[in-house]
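Chain lettering (A, B, C and D) follows the sequence in which the chains are written, and residue indices restart at 1 in each chain.
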Amino acid sequence: MTRQLLALVCIFVIAPLTAAEGVPRARDLGIPFAGTPGKLNAITDVPGVTVGHVTLIEDLADGKAVRTGVTAILPRGRQSIDTHAYAGWFSLNGAGEMTGTTWIDESGFLEGPVMITNTHSVGAVHEGVIQWRVAQGAADYTDYYWSTPVVAETWDGWLNDINGFHVRPEHAMQALDIASSGRVAEGSVGGGTGMICHDFKCGIGTASRIARIDRSDYVIGVLVQANYGSWELLRVAGVPVGQYLKEADVLPENTDYEQGPSSIIIVVATDAPLLPHQLKRIAVRAALGLARNGSIASNGSGDFFVAFSTANEAVARGIADARITAISNDSIDPLFDATVNATEEAIINALVAGRDMAGHEGNQVRGIDHGKLREILRIHGRLDE
Amino acid sequence: MTRQLLALVCIFVIAPLTAAEGVPRARDLGIPFAGTPGKLNAITDVPGVTVGHVTLIEDLADGKAVRTGVTAILPRGRQSIDTHAYAGWFSLNGAGEMTGTTWIDESGFLEGPVMITNTHSVGAVHEGVIQWRVAQGAADYTDYYWSTPVVAETWDGWLNDINGFHVRPEHAMQALDIASSGRVAEGSVGGGTGMICHDFKCGIGTASRIARIDRSDYVIGVLVQANYGSWELLRVAGVPVGQYLKEADVLPENTDYEQGPSSIIIVVATDAPLLPHQLKRIAVRAALGLARNGSIASNGSGDFFVAFSTANEAVARGIADARITAISNDSIDPLFDATVNATEEAIINALVAGRDMAGHEGNQVRGIDHGKLREILRIHGRLDE
Amino acid sequence: MTRQLLALVCIFVIAPLTAAEGVPRARDLGIPFAGTPGKLNAITDVPGVTVGHVTLIEDLADGKAVRTGVTAILPRGRQSIDTHAYAGWFSLNGAGEMTGTTWIDESGFLEGPVMITNTHSVGAVHEGVIQWRVAQGAADYTDYYWSTPVVAETWDGWLNDINGFHVRPEHAMQALDIASSGRVAEGSVGGGTGMICHDFKCGIGTASRIARIDRSDYVIGVLVQANYGSWELLRVAGVPVGQYLKEADVLPENTDYEQGPSSIIIVVATDAPLLPHQLKRIAVRAALGLARNGSIASNGSGDFFVAFSTANEAVARGIADARITAISNDSIDPLFDATVNATEEAIINALVAGRDMAGHEGNQVRGIDHGKLREILRIHGRLDE
Amino acid sequence: MTRQLLALVCIFVIAPLTAAEGVPRARDLGIPFAGTPGKLNAITDVPGVTVGHVTLIEDLADGKAVRTGVTAILPRGRQSIDTHAYAGWFSLNGAGEMTGTTWIDESGFLEGPVMITNTHSVGAVHEGVIQWRVAQGAADYTDYYWSTPVVAETWDGWLNDINGFHVRPEHAMQALDIASSGRVAEGSVGGGTGMICHDFKCGIGTASRIARIDRSDYVIGVLVQANYGSWELLRVAGVPVGQYLKEADVLPENTDYEQGPSSIIIVVATDAPLLPHQLKRIAVRAALGLARNGSIASNGSGDFFVAFSTANEAVARGIADARITAISNDSIDPLFDATVNATEEAIINALVAGRDMAGHEGNQVRGIDHGKLREILRIHGRLDE
């Protein structure tokens, strides 16, 4: 049955280069953030990083609806196949899944893409990544195909027919194929299609920061799939916005809304040369950016963060006599600061990009009201105008 | 193409109650082990634990061959759906995959079965477990379907067409459906079908021990999927057997044998009441039993161990006022000893159960020669006769 | 030499019951926080918890100055000797020391007090705790004296002659002896005597919250020794206060101020029945409260958090047939929320309690200007008046 | 009182270069081990590593006796002060203390010596290391003194008046001062003076292995302070020796012997260039060598392992543009093998070096009978003659 439904699914592949045009981001609304963003204020400001979204939106029979997808982040674009990347990860609250993490801990390397999808599609995407790798031809420099792909998830069962298993391996392959540099679509795209944060429509968000260390500029790029939190706890730019909202401002009418397991996946990319244990430190800092927006990492929230560096390319290709470079621990704070700031903004970008959506069994979710949000910030002296 | 091949696959479902009959186990050969085993000397000596193997063996066109499968271990049989089990896990060497572990750490619970398969079938089995859960009807007491199944793997690409993706979700569902108590088939069955350890044919092995604490008897049951190690390092009952073998005793003729990524998955079950942090301690001890057989946890070896307890049933059903019992830390040593001993024997059971096998692209692996093994132990005064 | 200096040291033991009187706390200034505090808004709102400060302040010859001390937190007062407490801990950034943590992980128990002092006095306090335990007479129920005390530290070398080793084992013993319930002195007392946070004089702070779960009220109590952060990053009640300050508002004149290694120790107590792995989750949440105040967990910051529960008293005395109770994971969120909120406030309490101090080699640090702080909050609509 | 007793203590500083002469080591007895040792078969085969023992043996009034000490291991001799060393650590069972480990995890560096002493002397040694560092003059390249020394312990309360606190800071300083390269004294010296393993007198042991990788030879050196295990579980060279002993072969007559908390500290040094996460992998492998000798990591055993590399010297001095080298993961197995083998032998060296000792309150412990041990191995075909 799953097969048959699949044939009906209309796939909107939202091209990163055009989708974001004309859509206001958090800064466009005047929300203030600390630090200096890169050119696109996106994870793709880190040279080489590519992102691909496959978005599945379709209304099926019997009130069933597909509102889901998959997002691929490649550290070095298609070259990620043969040139790995030093990486580290952190689980702030393990109520969910990010596969492939034990090998990151053990080897220090992310050996391929990071994939983000819905909770029940982890298996399909996992298989898709391996199939895609096999389809590329020869095995990588280790003489081996990726066997432990990194696949993370958040739960979209309120808007999406999650037990319909609509994401298939080929969707993962497609997301990998179309991944590109440049602007990154935000909101209800890719893995973020059916996601909700602070009870508002949410999904994918991204941001970046420039960190200056010893006269060199490095980029920190962050991409989130945000699906966590309750409206009461929402904080934006430090203002406890949730305290100034009423339930009627948030919840859709005529619907028995109940937030399911919430979560957030945060991917941090950098071109700064960092060793694996240092990248784990970067991943941990994502928690501090998340906290600024009001998260308490609630029981059912799967909050997983992974960080990778695109430096040390020769080493990552397994070249035997390659020399490694690394920023010293004593110089690392600007990267920590950049990570916290970019994470804070990427989440608010995901929130601001959310639009009203109806989905599975008629369930609805609202996008946050930009005007009301701005008004609350204005009265707190926290709006750039 | 994968689909088409699948139709040709001949599935041998080896029924646990009959398969092991007549096949000598390590003890039957006179190999000595410490401690007192349970009635079946199997993980199923722990009341409630069930095991199901689905074995896929088929010769395809062009020299391709299917030699793989999936094994399901359920802490409380079918009741595992609604009654979770306290659990803990340990990664001795993270070169592989065991999904679902962050939620074990976070919640303290294993919320369903442990599945073991080949490296590239993790995705299919992951999807299969969720589909099976959905097919059972109502969600569990948390009002939720399992979203983060525990699926572990080892690599069978020498004997099996691993990039053919022959294990499908329905095979996982079948393994769950047929899981039963009683005797457990060993060797080339289920997930262990194509596995190799110490360069000999290997696969599934099991053993158990009785641990007496404060006048109560508890059972430790272990099941392994053994796929690790080189013949030079093999130790049996403390005897460095590998030192007394020659390459010609081990490697098949006329084949360019090369051991790929090796690994071992160890599942420890007990009816002793232990808290999650204590079960993590049990999982760690599996490493000490493994070490006795010569493992150095080599770079490419994914060595993951998970332990669960079937006690505290009421708590595990989410009954609010349920009281928990736990063995005190000061009394725990007999369980540690039992875990080390049962792990040591389960691995040798897997080794002894191995028979010569030819598979993918004509590749071959030998089963260990029981006579030669006995002879080496005899000259070291380590054979019970 | 150390010995001789010690004889000159004048020890001010600030009695908890009186020291805090008349000193405004953060709430008294109108700073708003979420959640409902306990009666004292202190860690001692958790029944049984006692706190003792020994404060060492003395001006020595040659510009040397003593500005340090030690703080003891006992989960069950003097009864902590024989009745342990389930516990968990978390290292947000490991640039420092908290001893005794491996046994917390392994056993699940905190077997005595938590001590906080300066970085170079960890050894003396460690010895003092064991000496105190030995001096109490019989060994505990495990027939053993505490061998792995929990001693944490932050660095006070700007104001204190830290290489003079002025804290001696007897000071630790004294802090344990005088520990009491009731009000807790804040600011420059005990281990916090010479501490600095966000470049202002800081030290000890405390707060508490009531969490309602299933019609029961539980208390979360937090005590911090705050010594982290730069003024530029300071956030209070969500307002980025640091952005509205100038260097001249913060740094003392005529002094070559340089912040050394910064850190924060956070102790979370609760009477809610939680298992060790759940208490680790509580400890992790302290990071989210810390982040609200602007921390980026900078490289040199030793940020260690420990949480314990005073419930399950019988089990903690090693009574063999004692039954354990635990709050279910599904009900735990109010405790997470309470931990984040109490941590946020405890830190601001430490900041607000800071007063101008001159110390070692004439070095100076200012207390934050309450009027200016209030003014900044007022213009952001974040002052309760 | 402690002070006064100290004056009476007679300090035997056993000079490494002479003490080991004429004393048979495990190999001298014909016990077989795998792998090729370095020249001295000691941790000091790693160039630059120095070891210093301070041994305290004295009979006091009232049956009290001092049988304890402290051992210092310096990665780069006195240069360790300014030139740190990449490091990693592992806790197999956390029932004890190894301070300074969070900073190893966080920074990747061991910033000074590793010290080993008795359980209740951790504090004194901790203070001694900092005092010694301060006494050396200028702070290190980070412009800071070591604040988080690495101090580990095992429990010697059967033979030693452990609550007498006989190890003082100056003993730690002395061990650091006299540390030298060359032969390393084993058995009842330094921190190992009062230690017991498998119920026999034990203490310090060391061994080394040469690992060949890509035509380069690297050294793995191991030093243990062994104080773990029961005689029944003893295995030597794979032979379950404990099964062939009777209680009368082990326990001293006329003494109410009871093994207290047991433990083992294992220090692994190498000149192979490894990154911090790789050194953690090395530390983990020590557990596999330990397991070969029969350890089940019992509840009260504090089993801590730390590994460091003397390579990458320029980086470790904080030179900004220094390039790092590292062995690839794919080439690392010979180092794993060497670590397991050297650990196995170092422990048996500690056991073999043990001699009968009487101590505190007349308590006694026997050294293992070399003749009987050889006889048991001989009948198992495991003696080189």
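Basically, contacts are C-beta pairs under 8 Å (C-beta built on N, C-alpha and C of every residue); 3 or more make two chains touch, one makes a residue touch a chain.
Nothing here was measured: the structure is a model prediction, and the numbers come from that model.
Participant: Give the label of the chain whose average Cα location is farthest from that of chain C.
Facilitator: Result for max centroid distance from chain C is chain B.
Participant: Once you count every C-beta pair in contact for both, which comes out on top, A-D or C-D?
Facilitator: If we tally the C-beta pairs in contact for A-D and C-D, the bigger total goes to C-D.
Participant: Can you compute the centre-to-centre distance for chain C and chain D, using the mean CA position of each chain? Integer Å is fine.
Facilitator: So the centroids are 35 Å from each other.
Participant: Can you give the whole-Å distance between the Cα centres of chain A and chain D?
Facilitator: 46
Participant: Can you tell me which residues of chain D touch two or more of the remaining chains?
Facilitator: Residues 93, 105-107, 281, 329-330 of chain D touch two or more partner chains.
Participant: Mind listing the chain B positions that touch chain A in their complex?
Facilitator: Listed in rising order, the residues are 91, 93-107, 119-120, 122-128, 130-131, 134, 144-145, 147-148, 153, 155, 163, 165, 169, 260-261, 302, 304.
Participant: Along chain C, where are the residues that touch chain A in the complex?
Facilitator: 34, 92-93, 233, 235, 238-240, 243, 281, 284-285, 287-292, 295-300, 329-330, 332-333, 336-337, 340, 379-382
Participant: For chain A, which residues count as touching chain D in their complex?
Facilitator: Contacts found on chain A: 105-109, 142, 214, 275-278, 281, 315, 318, 320, 323-326, 328-330.
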